[in-house]
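Let me give you the structure first, and then I'll get to my questions.
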Amino acid sequence: MSASFEFTPENKKRFEEILRRYPTKRAAMLPSLHLTQEQEGYISPEAEQYIADLLEVPVVDVREVVSFYTMFTRNPLGKHHIRVCESLSCWVRGSDEVKETLEKELGVESGGITEDGEYSWEVIPDCLGACELAPMLQLDGYFEGNLTREKVVELLKKQAASKTSGK
Amino acid sequence: MAIKVEEKQLTLLERLYVLEVVRGIALTTGHFFRNMAVHIARLFGLAKDKKGSTTFQYPEERRPLAPRLRTLHRLTRREDGAPRCVACMMCETVCPAHCISIVAGEHPNPLIEKYPTRFDIDLGLCVFCGYCVEACPEDAIRMDTGVLEFTSFSREGMVYDLNKLLARSETPKPNEESKVKTA
Amino acid sequence: MEYAIDVGKVLFWFSSIMGLASILTWMERKQSAVMQDRIGANRADIFGFRILGLFHIIADSIKMFTKQDFVPAQGNRILHTVAPMIALFFALVGFAAVPFGGTYEIAGYTVSLQVLDLNVGLLFVFAMMSMGIYGFVLGGWASANNYALLGGLRASGQMISYEITMGATVIGTIMVYGTLSLQQMNIAQGELLFGWIPAWGILLQPLGCILFVTAALAETKRVPFDVPEGESEIIGYFVEYSGMRFGMFFLTDFIETVLAAVLTTTLFFGGWQVPYLYAGGFEFPWGGSFELPVVAVMLLQVGAFMAKVFTLCFIFLLIRWTLPRFRWDQLMRLGWTIMLPLSILNIVVTGVVLLIVGN
Amino acid sequence: MPIVKNISEFFGNENARSLKWRLEHGGYESARKALREMKPDEVTETVINSNLRGLGGAGFPTGRKWSFVPKGTDKPKYLAVNCDEAEPGTFKDKYIVEWDPHRLLEGIIICSYAVGIHTAYIYIRGEYVRPFERLEQAVKEAYAGGIIGEKVLGEDYKLDVFIHRGAGAYICGEETGLLESLEGKKGWPRLKPPFPALVGAFGCPTVINNVETLSHLPGIIKNGAQWFSDLGCERNGGSRLFALSGCVNKPGVYELPMGTPMKELIYEHGGGILEGRKLKAVVPGGTSSAVLTAEEAEMATLDFDCLAKLKSMAGSGAVIVLDEDVCMVKALHNIEHFFSHESCGQCTPCREGTAWVFRILTRIVEGGGTMADIATLKNLGQNMGGTSICALCEGAAMPLRSFVSKFEDEFEYYVKHKRSLVEDRKRNAVAV
Amino acid sequence: MPTLTIDGQEVTVDAGTTVIQAAEQIGINIPRYCYHPGLSLAGRCRMCLVEIETFPNLQIACYTRAQDEMVVSTTSERVLSARQSMLEFLLSNHPLDCPVCDQSGECDLQNFYMDHGQYQSRFLENKVKKKKAFPIGPHVILDQERCILCTRCVRFTEEVSKSNELGVFNRGSRSVIDLYPTKSLDNPYSGNVIDICPVGALTEREFRFKCRVWYLASQESICTGCSRGCNISLDYNGSRRAYKAGGRRVMRIKPRYNPDINKWWICDEGRFGYGFIDTDRIETPMQRTTSDLEPSDWDPALARVAETVKAAYSEKGANGVGVIVSPQLSNEELLACRELFVEKMKLTNVAALNPWEEPGEADDFLRNADRNPNTKGVEDLGYSGDAKAVLEKAAEGEIEVLIIFRHNLADGEAGKLLEKAKFVVYVGTNWNATAERAHVVLPGATHAEKDGTFTNFEGRVQRFKQALLPIGDSRNDSQIISEMAAKLGYSLPASADEIFEAWKGISLDELSGSGSSVDPDTAVQA
């Protein structure tokens, strides 16, 4: 955990831009928290305090917002974060299978991080909005659909491969 | 609701009284001589199966206690031995004789939260109504020890504190009930 | 020697009465216990011996003597002290006129087994009994306690009411025997009616006997006539008494019981008479006789007297433990509207019969 | 009825995202027409006449909603575009934003012009990463191309469009929850009245419209109100996007006129049930609508009024098809899991009720249920209905009531045997 | 002025009044948890649902404005069953630890449950466990399990104390009210959250487990912490022997609603500043014999004071005796002092205020810097001049006898002056350095132990009532002054009531209702 938090100069600029969009400073809460999470990977108490000071709101309000929205996390996630949709459409098409496969492949339960810190994954009960692709998951924000056991395994392999090639 | 009593009309003989008196005396006399006979027989080792009296020779002989009889209080314990009492003061509140006094303290375990630092029952005041047992939400106080004798030479001695009340925390076995117990 | 005999008589009579009274205190408990399917007092022991609780008599007296002697602060100290003594004294003094045996010629001395041979013996006894009331009233008054006073008043009311019945009842007996001397009455009861029935008072005066016994019981102020005491209501005239002063009242109760038994025996059960026993021995009406020495006759007659008294005491206790208490108004109604008219009727009938028989 | 291509015209066309291509293919013509040729009131009038209804779920007539905004106020007015579609089964707005963002922007211009708005916020749900990127790109291009900004389409009208990302809360799709979230707070729905048209974002009058609703505006302005209302059935104007998912062969978004029979959507356009199985039930408007049995689905037509008659609702147009292999107990369990997870926690019946219902269902699914639980569920469904600030609680109660009453036999079987009736049947069928 | 019908009763209310307030005006109390008149509307507990004709759904009475021709039912079948189901929901995860909960006895959840609930529980699940009983500030303990999330406390910290320590975290059934981790609920008004919490989630640390509320008796009083004169209820050990509560008599102080002064609130200093009533009290009169103070009886102590005063008086006249009264005294005591020392004895050296006194913290809400409850009363009753001049004269030996009420004048400069005073009489309630230095100490009574009035800084004359008997041998100050006067040969009334009546012409009981305030304009001027 960083002892103190501050936006990078680039993000500071972005924040200034965001602030201009709204008639109140407070309204920039969600965008700046997104910014924070982008920069830090999660939202630390220091970051909460920082945001509170920037937006001139009580820090408790920042914490309230952070804890209210599921996309904000107060704990570090893996480098790649996988969300598995479990809502009705995905469930009838076999999201359970996706869950089981991930659990087996990554070796951690939903909500956990792999030992190497590479992946974290969670099952979320709210719909991710891609029911036509059911069952589906979201890898780093992007949808992967029509999953089967094999496809999940393949996806993870491809991800690993792209990394090594990227290097 | 008034209860209507049907008065029995006495016959003339009954109203003459003397005859009724004689009948009464005959009855008691009958008892007297029958019992006397049994006593005498037993004096000589006879009629062991009969008794000339229906009473109990108290300290040596004791009547079996009814299971619901309210006797000396006890405080029960949790599995770890701590008193079950959470010092809610329901018993103290409901007590018509004001004989219970509790001082509550903060328990280190927030799940228990409250416990009695003092729990005194002044048996000199207690009327053995059993309300405290009824009121207790934790089954922490009971009156089933079967102990009926508790005496003291001082008023202070009649005040039972936490330790004394916890000393009998285990449930008495039913077959022990008629045995001699003294405080 | 004369004096020695007198002192001996007094001592014998006194100790007999006191002994009997004491035994009655024990009997009262034991007898009632056995009647009621209980065991009764049996706790007092000496070296582990209990002898049926007889030691309770001793224990009681020790208790009585050692308890705090208490006089209420507002009470009259002198009267409070004197009252039980009056009660006890007059209860005891009445016995003096009662014979417990006949007149015997022993070793040249004429021994009359009677402390005081009065020709108005019966009146004397009644007089003494009436005096006893003062003890109770004074006790109640001197206690400065409303309940005690009430008890005392009730005691006097009750005793006076029933004394009238008692006196009226006895008149029948006096008419039959024609004497006021108790010894003479006893002697008269030794006669035989129709040659074989002992002329005991109960046969000559059956109604009188019942009325007398009832009135006598009322005089003792014991259940069913214990309104002055009324244990569940007012405790009575001795509520403020403790220790030996209470003991005296307590003993008076039993002495009065003995007195009632003694009087009943004397008046209605032939006193010291044993049927068919005369100065020389038994002489049965159907012929045959049995010679006895004078001493044996005396012992038999005194023994019979004692036995009769004891039996009556026993019956009185039976009654005491069998019947419930009268209410005050019932008590008064019984005394004034039933017993008194009946006793007067008894006098009238007796008179008529005597006239007819005498003619 | 055939598929229509009003707003789904360019779905699947990679080029439609570029401003240049789009301008060449009719883009912003309607907006230009509105700005140049029509007065704001005329636009509103046209929309009222078109019978366009809010397509986010509530179905409130769009034009009427605009007319509630006070005219002569000196406060700024705002447009909040609701792109927070998070109801299970709903994904239609994603298509618009992903494939044809300029149609949305055009709709925004028209709406803003009609109401007199100079600032519009597009509230897009946080999980939509690619749609967000594409929308952002489109807005950037629109600014650059002079479409929006200080001078809209070169006219003397100022309009700023900002994208506001949500962060994962279903409740922010509720109008006032969305406004709260926009203001940087928790998405706790507000007490009404006042309605947002009077006091909305930042305390100012605010119009909140769904993405799809706004996307219809260019077509309506271009072709006229009559054209649009003729497309649909009575009181249900035009066409709408139906997001078909679940046990069908071809899930996806289909644009159909209002009043199209349900079975046409499922069997013709959706390609029928998976693996030729039988239809069991249909959730007609997102999971917060009451479930329809197969028989009811057969007779239903896809419009607001018919479904309301069946005591369900058209909602967001998300049709989820359930076939005979779906266990209704587990399906309800799934739905209630969603609601208990998404309840904002403000009102007592919703906060405690959804969680309780979910826990009872979990217990039943795990085999610990009792008959009394079924009665309790029914009763809780009654108790939760209509007593909270927003409609989420009612939305949780509707499927609860309908599932339990329409498929009671399955619930009873599950409780009795601690197994699913459907799975047992399947197992037996395999065994035979 | 809309006129509406509630449960068959017609009522006309001001425009903008909510249904719940309208109902209150005609004595109908609609159950509520989240609604508090001093806070913003949350409308979240849904307990106050009522049936209003023309509305298809039940409406919350706390939010719905009264309108003309509204027909409201608060007791219809539908309303009752809704209440019952709300209670069921609220209680579903509520731990049933009423036995250990300090709130029980004054808990709205209990009360409304007894009125409207009372059904067999259908909740078979395990109750959700949350954090139990942890301190969140110097005065408050939070139990999240008991919390029903009405957010009164959160709104309080947001709107009234504006300190924002508390928040509602997470959402749905996982919502908890908690402190922001680095913060502590230590704002000067933190105690109020205890009052407004309708359940036992927030409880008082000082009061915790000391006494069940049903043993408490309550008396109307005035806070003596500062010149604001907040209205309070003094809750004291009524029917229970004091030793059971650790010897404390006053158990807690609760604010009493007064719309003009403190509304529903009171500061922590006032709320928890009752310790002096039971600790460190002077319980008997004391006299210095040779070097030590020794306990004495009233008679000799008063006689000695009177003798010394008489001697000084005859020797130096009106200059020989100095008196320093105190703004801690009630108006009645000040009047008695004025009567005796100024009007009867014509003393020249009479002062009231302590110039060395350190001011307390002040803010723009309730707390005033002046820590005395009756400074305004002192001014109104014509006392002037400060203690310094009197003390100086005493130090110079000009004043033979110095009578000091309440003040502690033994520190610093004052202490040096006091050291030189020849004969000091101290009349006060608690031990302090001045009392220890005095020659005669007379124990007075605290405001909890007597009747009287204070005048707050705005000039409102407010009554406080006696809750307790004076501790030990202490006596109320009016009585002390009157007895002192008697020994000096004057006659003064001894009871506050008599003095007040002579002063204002009305009895204390008539003082604007139940001892609340008199507006400065209508207050009878002394």
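All chains are identified by letter, namely A, B, C, D and E, in their written order; residue positions are counted from 1 within each chain.
Keep in mind that, in the parts below, contacts are C-beta pairs under 8 Å (C-beta built on N, C-alpha and C of every residue); 3 or more make two chains touch, one makes a residue touch a chain.
Keep in mind that what you see is a predicted model, and the values were worked out from it rather than measured.
Engineer: From chain B, what is the lowest number of touch steps before chain C is reached?
Structural biologist: The least step count works out to 1.
Engineer: With one step meaning two chains touch, work out the least steps from chain A to chain C.
Structural biologist: 3
Engineer: Which chain's mean C-alpha position is nearest the mean C-alpha position of the whole protein set?
Structural biologist: If one averages C-alpha positions chain by chain, the most central is E.
Engineer: Which two chains have the most C-beta pairs in contact?
Structural biologist: Top of the contact-pair ranking: A-D.
Engineer: How far is the middle of chain A from the middle of chain E, if each middle is the mean of its Cα atoms, in Å?
Structural biologist: A distance of 52 Å separates the two centres.
Engineer: Just curious, how far off is chain B from chain A if you go by their C-alpha centres, in Å?
Structural biologist: Their C-alpha centroids are separated by 70 Å.
Engineer: Where the centres are mean C-alpha positions, what is the separation of chain C from chain E, in Å?
Structural biologist: 81
Engineer: Taking each residue of chain D in turn, which ones touch at least two of the other chains?
Structural biologist: Touching at least two other chains: 169, 186, 341-342, 344.
Engineer: Just spell out which pairs of chains touch, all of them.
Structural biologist: A-D, A-E, B-C, B-E, D-E
Engineer: Can you check the complex and tell me which residues of chain E touch chain A?
Structural biologist: Contact set of chain E toward chain A: 158, 164-171, 180-183.
Engineer: What residues on chain B touch chain C, complex-wise?
Structural biologist: 18, 21, 24-25, 27-29, 31-32, 35-36, 39, 52-55, 57
Engineer: Show me the residue ranges of chain C that touch chain B in the complex, using the header's touch definition.
Structural biologist: 31, 33-39, 210, 315, 318-319, 321-323
Engineer: Within their complex, state which residues of chain D touch chain A.
Structural biologist: 76, 85-91, 94, 125-130, 160, 162, 164-170, 181-187, 202, 243-247, 251-253, 283, 287, 318, 320, 322-323, 326, 330-331, 334-335, 337-338, 341-342, 344
Engineer: Spell out the residues on chain A that touch chain E in their complex, using ranges where they run on.
Structural biologist: The contact residues of chain A facing chain E are 45, 58-61, 63-64, 67-68.
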